[in-house]
Amino acid sequence: MTVPFSAESATESAAAAADRATAAILADFTGGGHRGVIVDSPPGAGKSTLVVTTTLELALAGERLMIVAQTNEQVDDLVDKIATRAPAITVGRLHKDGFQVPERVLRHPGVTASKKIDDVASCAVVLATADKWAYVSGRTWRWAIIDEAYQMRSDKLLAIAALFEQALFVGDPGQLDPFSVVDTERWAGLAWDPMQSAVAVTARLNDLPVHRLPVSWRLPASAAPLISEAFYPFTPFRSGTTGADRALEFTAAGFPVPWDHTLNEAASTGWALHELPSRHTVRTDADAVQACAGLATRLLQRGPIAHDEHGSHHVDATRIAIGAAHNDQVAAIRAAGVPAGITVDTANRLQGREYDVTIVLHPLSGRRDATAFHLESGRLCVLASRHRHACVVVARAGIPELLDAHPSTGRVRLNVPVKFPDGWEANHAVLAHLAGHRVPT
Amino acid sequence: MSTPNHRLDALRGDAAPVDHNARTIAALAGNPGCDRRAVLDAAGIHKQNTAVHLGHPAPFGQSPFALARARSFEELVKADGCAHLLRLLRDTLGLSIPEVAYTDIADVGGNAAHQLRHTHTRAELRRAAEDDERSCTLFDHPLLKLPVAGHEVYLEPAVIAFQIGGRFHIVEIKSFAIIDETADSAQVAAASRLSALYVYALKALFEAEGIDPDRVSHEVVLVCPKDFANHPTATLLDVRQQLASLRRQLSRLTGIDRILDRLPPDLSFTLDQSPAELARAIRTVEARYAPECLSSCEMAYFCRADARACGSLDALGRTTRDDLGGLESVDAVLDLVGGDLLASPEHAEILGQLRHVGAIYGEHTEAKAVAWAS
Amino acid sequence: MGQLVGCVTVELDDLEERITELRGEIRLAKAGGDDAKVRRLRAELRKAERAWDDALEPDFEPDDVPLLPIREQVHQALTLLGVPSATKMIVAVNEAFFAGRVTTTQLTSLRRDEEKSFRSSPYARPYYLCPALTAELLSPARGLLAISTWPMDVRIIGPLSPRTGFLTSAIRVAEHITRLTGAGGDASTEAYRLLTRMARNIPGATEGFGRADPARVISAADAELVVHLESDRRHRREAAERATARLNEVTRLFGAGLKTASRSAS
Amino acid sequence: MGIVTSYARALAVREGRAQPIATVRHLHLSARPMVFIPLKLAGEAAAPLGAMVGTDPADPRLLVVPQPRNRDLRFAFMAELAQIMLPYIEGFATATETVTGRNERERYLDAPQILVPGGRAIEFVRLLGRSTRFRRTDGPYPVDPSVPVLGQWLTFLYERTEFAGSSALVPVTEALALHWATGQSPLEDANLATLLAWISPPPGLTGQEAAAAAENPLDWPPAGPDTDPGFDAQVLQHAIRAYDASGSPALVRQALRTQLEPTWRLMWQAVDQLRGLPEAASVAERWAFDRDQYTREVARLADGGPPRGRRDQAGPAAIRLWDMEAAQQTYDAQRAYDDPLVMTEHRATGKAFTGEAVHVDADRRILLPGGKKPVPRPLVTVRTGDPVRLTPGKKVFSVHRRKQSAEIVEIDGDIVVVQLNDQLAKGAGVPTAGDAVCFTELDLGGRIRPGFPTGEETPWTHGGPPAAYVPTDEDAVEAWS
């Protein structure tokens, strides 16, 4: 499934398209015509690049701005990127008491990290998580950039909205919606339902321009069409690269064993479905867990090398991730012995991250009944869109039957916009595609 | 080689088939994994009678008060030439003042034969669809038709509204209250599934008539009493997702022969056999019982009795079934823990977990509670 | 009277006890799916209930018997409304202006009697209460009553007629209220409630939650009426001609069956 | 729910009676609770049909609406209900205690507690409150002055149920299901009769058999608010007709009594069942919060506080959500801390572990990054049989010293090394080798809520300041169908 025209022209036009989008966004935002601008960004479409570019544009023009991200990891990544691109700019990293600021942040002389706003308020750029910003008051910024805004809950935005005048909302609409451990029926249908995303509430109550980043630089040509079609039916995007730009090869040859069959399939096509015999299992299905850990180990053993538009590099542990739906699955996989440095985490925490190869324990594997949680399209979307080269899905056979038997008796709330795509459809789309990369064991 | 329909009729014997209706079809979404229900429904078998014969009647039934309330509210909405409805359509769909023409399709000179009313419905709708000028706006008592598993099913939506935009909307009149812009989400869901069915059938009719089915809107007008008053109010319902799942359910039903092929050729569900015989016959079709069935399927109490009799975990609910993943029965669970049952390799893991659970559960359920967190 | 009530209640109590018993047994039988038994008990129950109703009969006597017989009252209400009307509306008008006691059940039986009487001895009465006729099939329109002396085209119901009919009745009701108030008297609360209820569904006829103002209702209803009136009339006249041409004197009043309809369609 | 509960359900099936999933009672049980069993007319949103209510098992009060479609009769019912409920509710506003510490305040020593059969009844209470709190005692449809007041209280009580751990208005089926796992599904546990049949089957019957018998609506009518359709058709319809004809509510009363009395007995049986359990350690603290809220509401109403609006504005919604989540977190943690049996659920999933402290390095001191002098950070080495699923660096808490936070240092098979981080004033709070310890990631919470904008401060992102809420005529006149 590669884009049917030559590498250069593809990348060029893709790059051009991306640049056009970025320019338009900056114009709209800094033009001051709107209090807010929304940017929908599919996986790996250069969201953080956009954030950094915008930041520099404003900061170098002498403007002060605040940046809001959702996790400390995301904040630290941004600080690192900004400080690397423009060491001259003073950057404030605001964090909660007792937080261990990582080396990649502290190493920059221009960066001040503190738990007190007063220590960093003077910086040109101040970054913190939404949770931390919520406790700041009595100060205002003209500009704010809100990153991963689709994962930010409306009520969190409400707590900080008084701090800024104009905001750029950047996020990926296809990922997981905010959730709560309590019943929030009470607010269903309200324009300001606190359970909506920050983007949803603001867009519903204000008439804001919505931009789209049209090109994914992360997802390979083998993945972009599927992800776009399955999870972004109304806002298609494409890969910035072609099949020719990306290749994954192993320095160590494989054996005729399932694990190697699977890895070979993944390396050559970008996808592999490592299929275990159909069976209902506990969530922490030992075989599936073993397969995830084993595949990761085996992958490293075979010394993978990734070739892409920037050149070639060894795929080390830090470039590999294993994703699952539940914490206990993650814990089980870790316990099963995963080479040091490999990321093992839940979909929620993998949001916004990027790796060369990902191994995914399918949320519906071994289940007898699908639940709304397991069907949530965002969960599968996150898991299936973290990779630059290949994605290996580990699952027990029989998921299509499971989906067919799923009762569609969900509740319907008045005046709540219907969410697309429907998790059921999305799951089927992905499975249909994976069927072509099946490696039975 | 007998066709699926022959097989199905044979299962039913000479008893008259129960027609599917909007409600039963909408109910298919409830437990699509259940072969037993699929076969019984497809064969048009009277599930309630069957359940009674088996000695497990389902305590279903609607309160006369609920029925009366539903009837009187629908009358209210349609009273005085749909005066209320017109007000609501003018507000929600921007219906223009001249668009008030009303046709009661049921008014076919006292003759209410289904086929006739359906033909009449097709004729009226085609005329309306073909010339936007001076064409009718409101169609009351239309009769739609839908083939379900080889059987023709007639459906009677409350009303169809047609607005000059050239798009047809289904109007669904329900008597549950919309209080402060919210309503019981289960009832709204049921209403959406039902109206999705009408939208689906109407699209089918259009296709058959060679009219663009997209002229049938996926936005349904839901009319309900507002707050605690009897005053009608309207909301738009987007039923795209219900349409999608309905399409899936119907296609599964037509694939019924796959299930039939697995059944013994001489199988029969007629009520002239003894309850024991009938039960044996029914059991040859696999059920997928879940407690949710109790509120939606006439066979539920029979299936539950079976599930309980064999100590199936299904009787304890989906969560439990899931927590004890892979194990089928209460005995399997407890005997594994008790060590009376040797764990097959694929159960090694759940066994480990259960042994641990059994142990720590025992620690604290003994009469003597341990000293704790003082 | 009190004494009567006394003995009635005694009798009632026994009956009620028996009835409650029977109902209990019926539910048991139903639960057990024993249809035969259910049927038997039902019959018994009906008997008991009839006895119970009879015992109550004396209470059913209305205290003040209306001066006019039912058909006269209906005629009165229809004349006020001036258009074919649903039984509910007739009942409403009847109690709003004539403090009558017409019930919907009485009306349905009434219709049948009228047709019977006409067939046995045509035109024996000054007027008959008859169904309105559908423009398309000239068959009796569901639950709409008219007066035989009205011109054919008034008794016809075209696609627009339900609306024009509604608007016209609203105007007539408003006018009658003005007439009453004009004559120094005032209309009943029921009258105003009826008017307000109708006005709610006429654009620009009400504001707020208070009672509707007749003048305002009239002008608002008129404003919408003019939009529909012409094409509605055309439709009805065309149908009226068809009716006079094709229907005999009975069906002209009480509507055509399906045969005539299909012919008229062809 | 979790694997332990599921295991207990399986056990219940085999043992033929419900199995405990709690060793202590996790809700407050008043010395004088009021039991309230409302019934509604089928097909109507909130048309009360009748109710049995009272504080004395031997003396239930039966209220009925002989013709539920008659709004005057409905309001008469609400007024009558107010005559019973308001004295009870307001009766606790007497003796107070002074709560010291930040925001020093007065607090009533006790508060009302109302018990209803289940979740549907809770929803019905919400609707009753909603349909009466806006009523006017003058104007178009005047009602008895007590009605809107009752409406405010019912609304208050309902809103308390949205917060985990509140015992102000308690659905009894849920309270029971919190402490016992039956051999039927959670769905079926919503039926008070079958639930109790499993928990205490009559002698000679298994829970299975008793529950089957309890499913017969003739002997055990639904606990409401919905009535049995059979009853409606066979009995109630007739009784209401009798009232219309004769004006005597006798038949309706008699009919409803048959539907309510069995449930009344079950409700008090449930109360005794719950009383049998000792109260959990944190219940008093949570009940104190209920009393705080009650105290506030009494004051608010005394100042003529307006009825709560129909829907929340942006600010209040966000604040409420924050508080609801905080309450949930605290409640979940407290229940596990209070009850070893509840903790097993978390031990089974690896969120907690118990074991023996096999080695304790009490005097260990380390230099924190950026720190001047070493600080005490004792290490506790624990041997556990639990499948620990916590990762090094994970923050955990000691069940035995709830305020003390610690973190996982390393895990090796059945050996877990934990570092204690605070509550170490002069060697205190350090276990000694041989002690039984239990650590868990469950956090009692207690963070301070961030500031949310008030109505007039609502930012542009959330639509700007909303129009202030004024009860409209519509609220007052909206006629009951």
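Of note:
Going by the order they are written in, the chains are A, B, C and D; count residues from 1 in each one.
Going forward, a contact is a pair of C-beta atoms (placed from the backbone, for glycine too) under 8 Å apart; a residue touches a chain by one contact, two chains touch by 3 or more.
These numbers were taken from a predicted model, which means no experiment stands behind them.
Chains touching both subunit A and subunit D: B. In terms of C-beta pairs in contact, B-D outnumbers the other of B-D and B-C. Here B is the chain whose Cα centre lies closest to the centre of all protein Cα atoms. Centroids built from CA atoms put subunit D at 33 Å from subunit B. With centres taken as mean Cα positions, subunit C sits 37 Å from subunit B. Centre-to-centre separation between subunit A and subunit C, using Cα means, comes to 66 Å. Annotation: 52 Å between the Cα-based centres of subunit C and subunit D. Shared interface positions of subunit B, i.e. residues touching 2 or more other chains, are given as 59, 181, 292, 323-324, 353.
Residue positions 230, 311 of subunit D each touch two or more of the other chains.
Interfaces, counted as pairs of touching chains, are A-B, A-D, B-C, B-D, C-D. Residues of subunit B that touch subunit D in their complex: 59, 61-70, 175-177, 179-181, 225, 227-230, 291-292, 294, 308, 311, 313, 315-317, 319-320, 323-324, 330-331, 333-334, 337, 353-354, 356-361, 363-365, 369-370, 372-374.
Residue ranges on subunit A touching subunit D, taken from their complex, read 35-36, 100, 134-135, 137, 154-155, 157-159, 161-162, 167, 180-184, 186-187, 190-195, 198, 201-202, 205-206, 327-328, 331-332, 334-335. Contact residues of subunit D toward subunit A in the complex are 162, 164, 311-315, 317-318, 320-322, 324-325, 328-329, 349-350, 369, 389-391, 450-453, 457-463.
On subunit D, the positions that touch subunit C within their shared complex are 140, 216, 218, 230-231, 234-235, 238, 242, 245-246, 248, 251, 254-255, 473-474, 477. By the touch criterion stated above, subunit D contacts subunit B in their complex at residues 1-11, 13-14, 19-20, 23, 41-46, 127, 130-131, 183-188, 208, 217, 227-230, 232-233, 236-237, 281, 310-311, 337-341, 344, 347-348, 385-387, 399-400, 402, 438, 478-481.
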